[in-house]
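Got a structure here, written out as structure tokens. Questions coming.
As written, the chain order gives the labels A, B, C, D and E, with residue 1 at the start of each chain.
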Amino acid sequence: MQKSVNLQVNQLYLERGDRDLCQDLTFSVTSGELVRVAGENGAGKSSLMKALLGWLPIESGQIEYKGEDVTVHRDVLLADQLYLGHTPGIKTVLTPLENLRLYCPEASLQALEQALEHVQLGPYADIPAAQLSAGQKRRVALARLWLTDKPLWLLDEPFTALDHAGVLALEAHIKTHLDSGGAVMLTTHQTLLTLSAKTVELAAA
Amino acid sequence: MNWTWFHKLGSPKWFYQWASKWAGKLVWIGLLLLLIGVVWGLAFAPADYQQGNSFRIIYIHVPVAMLAQSCYLAMGIAGFVALVWQMKLAPVFIKSVAVVGAVMAFIALLSGAIWGKPTWGTWWVWDARLTSVLVLFLLYMGVIAIQNALDDQVFADKAVAVVSLVGVINLPIIKYSVEWWNTLHQPATFRLTEKPSMPMEMWLPLLFSALGLYLFSAGIAMWRMQTEVLKRERKANWVKQEVMSDGI
Amino acid sequence: MNYTSFFKAEWLSLLRRKQDTLNALLFFVMVITLFPLGVDPSSEFLAPAAGGIIWCATALSVLMAVEGLFKEDFNDGSLEQWLASGLSVSVLVLLKVLAQWLMVMVPLLLALPVLAQMLFLPWSSLLTVMGSLLLGTPALFLIGAIGAALTVSLRRGAVLMLLLILPLYIPVIIFATGAIRAAQLQMSVSGQLAILAAMSIVALALAPVMTAISIKASVN
Amino acid sequence: MNYTSFFKAEWLSLLRRKQDTLNALLFFVMVITLFPLGVDPSSEFLAPAAGGIIWCATALSVLMAVEGLFKEDFNDGSLEQWLASGLSVSVLVLLKVLAQWLMVMVPLLLALPVLAQMLFLPWSSLLTVMGSLLLGTPALFLIGAIGAALTVSLRRGAVLMLLLILPLYIPVIIFATGAIRAAQLQMSVSGQLAILAAMSIVALALAPVMTAISIKASVN
Amino acid sequence: MQKSVNLQVNQLYLERGDRDLCQDLTFSVTSGELVRVAGENGAGKSSLMKALLGWLPIESGQIEYKGEDVTVHRDVLLADQLYLGHTPGIKTVLTPLENLRLYCPEASLQALEQALEHVQLGPYADIPAAQLSAGQKRRVALARLWLTDKPLWLLDEPFTALDHAGVLALEAHIKTHLDSGGAVMLTTHQTLLTLSAKTVELAAA
């Protein structure tokens, strides 16, 4: 089944405290597109993601998903996205396998183990996440990307703490996702190694 | 029913201008009535045949105790409005009224305690009414504390709305429970519920001071709300103009 | 994520730290011990006060148990994932509270007969005490969840949370101890127990919604 | 980092969340309210039990206050910085506890006269109660710090910590309430108060070292 | 005053649980040297730093600092180093300025403000750190590097969450430090932009 994404953001105006994060920001994310939100530290990249998800108030502007206006009710958008933030919701008392089972209850055990293999966590599947290194913890969350069929991925700094091989593997997987009609919106300060992206620039305040 | 007033009230600008007109008047009229009531009560009303002059504290105690309860009720309603209609002004209202209410509850406790010493021989008893005022005071402190603790305005507004609403649902439950608790367990030694049949010349000043206190507090709350509205809408054009014209 | 996998993961997390369960119980034991030590160890004093002491100890144990209910979920980003999942946050809250309730209350109820003996609680009232705990503690947990959600973003919110929810605990405690006292006087207790049940039902209807609102507001 | 800048920063952090201070006090108020409500509101019951109730409430307030003493420092990496600073961790612990003690106990002692009235504590014993609190609470805070450090690396250590430190609180509570009871009987209290002071001094000598060891073990 | 560093690690053997992190690891860090600890996620880079600081037990091996054996007592080493870990000890209730004042009590207010300027936090000096973005929080900790005179810096993933300009500024500052006789041991998965480093490789388990 071909995935389809069509997110339209029109003249978005966000603020945080007294600072304007963006004014009249207009961009779109459609099937097959990789959109990179760029901007220096504190520019408002994470805030933009949260605003799209409906967790921060929007001063003005409009968000459309698949032709529907979702500025007020985000249900249609929420149903189609997978979001991984700075802290991606990994329980440190649970093992990687148990964490995945929480987020991907439909997947078979075999699929879960395969996903862990993809992020090089095979041997760590049954060790509590508290005992993993910074990068390994991060990988547990990323394994979800190998198990989902959501078309729109929202990834806030997904490459943080990943080693070189990890970055390459993730980029390759993003590529596959884009080719199958999905779309990805991500933030990162690192240069992309193999992917090319459409850039949405958040100007400094 | 015509709802325009309701929606207008939701507009900070409209409220600000409306309050500018009324707040000052309310404060002064209230103060005047309060003064009349208290002076009349303290100086001219006849002394109580049982309690002598100590009963005169009633002119402070009762209005303050009534207001303490009314404030929370109003906050609870505002909490509901804030959660259901997301009205911008409702959290401002809660924030402003909470302090007034807390002060009133505190004065009620204090004046009651001061009154209790000569009449009951003790500052405090675990009577139903006293206990429920104490709990009310704690509820106020909860609202104030949570709103000071949260830096994020949006979260703080939701939080005070939730606390006010939940608290107001619990108020009658608390009231009922303590009344039931104390009457079952300990036949109340001191009954506050039976109103001493009061002669007119005692009752009228009470009415004056109660009315005065309500108006006065409403005015004060409106002032506080105005300040808060200015702070929150500092980016809006009308606020800039307002501040300019005030020459601050 | 779906409701079943969520409940399973919650349950598993609780089991993983099962010493915590044991500890809620031991805290309960300690408060019950502290009281005779600090105040008066005689049976004339303790027997009539036993119901009240047990309920105060329960309320404090529940407070301890729910105090940090969402803290870890906030810090590790799970709350964001709840919101992003599209599931009803109220239901998730309810499931979480349910898991917690089972984990804390079952051992507590099992240990109660022994502890009640230490406070000289008459056997005849033991059943009422247990009934009141069964019917009343859901309200305590659910109310506590609201407080936990409101204070989740604060670094040391425990005490503020107590301030917020203890006033709401008071009616529950009053009716529960009222029932126990009535039982000790051989009076009918069904009225008070019905009120306790009603409180828990009201809490069941309202608290998850309020908690969900607070959780939603905490993510930003 | 040096000791002065450390103490200043601690103090500032406490002031920043000054509502927490107020709240420790309010928690104290609440426990004191809970007892008459849950057990018995009559002055015949409360007056003799007042000293014990005040001490139980204090112990629980202190527990709440110290429970998460090092949690934040653990999560944000401050503990690592303490160790890396080359300063004596025992002294840092002592300073932190001192700041906390001042912040919690000063308002509590100021409010005590009013609260004591609500429990019908005779005026004549008030001074003894205050003295016992002044002399005894340092021990409570210091012992609490050991527990807080031991459990800091556990994700939900609160209850485990209680289990560890409550047994150590019991002697303090026994001597303190003993002194108060003696005061109510017009007997001499200096002996018990001296023992309390001795306990605090021993705690002062031992607890920071033990706490420092636990902190060191938690970083890895 | 010229700084001087001379750290010698001989035949270090570390393990974590059942896994060997390194066997017979020998390397040195001396004045003017930038040493990069490399290895994939979970290789043991952070663990190595902690072992040097004395927070993890050393199975066998020996550590020497300025000719002294510090395998058991690290005081000499501790006195000379500045360590910034994955979580660098920033108090979120305090402002950046107050945080710096905690760690650098000797510095004048002007020096503190200058350090904050260097990490682009000038306008944020008086905002509680809780309200900063991920990268800005990180910068608060890094500002300490502009205020210290410790010769040996131990930096665990210092570039995490930093934007491009931030990475450049930090690298430039590290360069200055090296030139003045200091030494830096760091871990990072990103490629260094302007610096060249001696690499200590932790082989995968």
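Throughout what follows, a residue touches a chain if its C-beta (ideal position, glycine included) is under 8 Å from a C-beta of that chain, and two chains touch if they have at least 3 such contacts.
In this text, all values refer to a predicted model and were calculated from it rather than measured experimentally.
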item	value
Proportion of interface numbers common to chain C and chain D (over half same, under half different)	same
Pair of chains with maximal C-beta contact number	C-D
Chain A and chain E: spacing of chain centres that average the CA atoms, whole Å	30
Centroid distance [mean C-alpha coordinates] between chain E and chain B, Å	56
Inter-centroid spacing, chain E versus chain C (mean Cα positions, whole Å)	45
Inter-centroid spacing, chain D versus chain C (mean Cα positions, whole Å)	24
Interface hub residues of chain B, defined as touching at least two other chains	135, 138, 141, 145, 149, 154, 178, 181, 185
Residues of chain D engaged with two or more neighbouring chains	17, 19-20, 23, 26, 30, 33, 37, 40, 72, 75, 155
Contacts with two or more other chains, residues of chain E listed in rising order	86, 92-93, 128, 131
Footprint of chain E on chain B - complex, ascending	151
Interfacial residue positions of chain E with respect to chain A in the complex	17, 39-44, 46, 86, 120, 124, 131-136, 138-139, 157, 160-167, 189-190
Chain B-touching residues of chain E, taken from the complex the two chains share	128, 130-131
Footprint of chain D on chain E - complex, ascending	50, 53-56, 75, 78-79, 81-83, 85-94, 98-99, 101-106, 128
Interface residues, chain C side, partner chain D - complex	17, 19-20, 23-24, 26-27, 30, 33-35, 37-40, 48-49, 52-53, 55-56, 59-60, 64-65, 67-68, 72, 75, 154-156, 158-160, 162-163, 166, 169-170, 173-174, 177
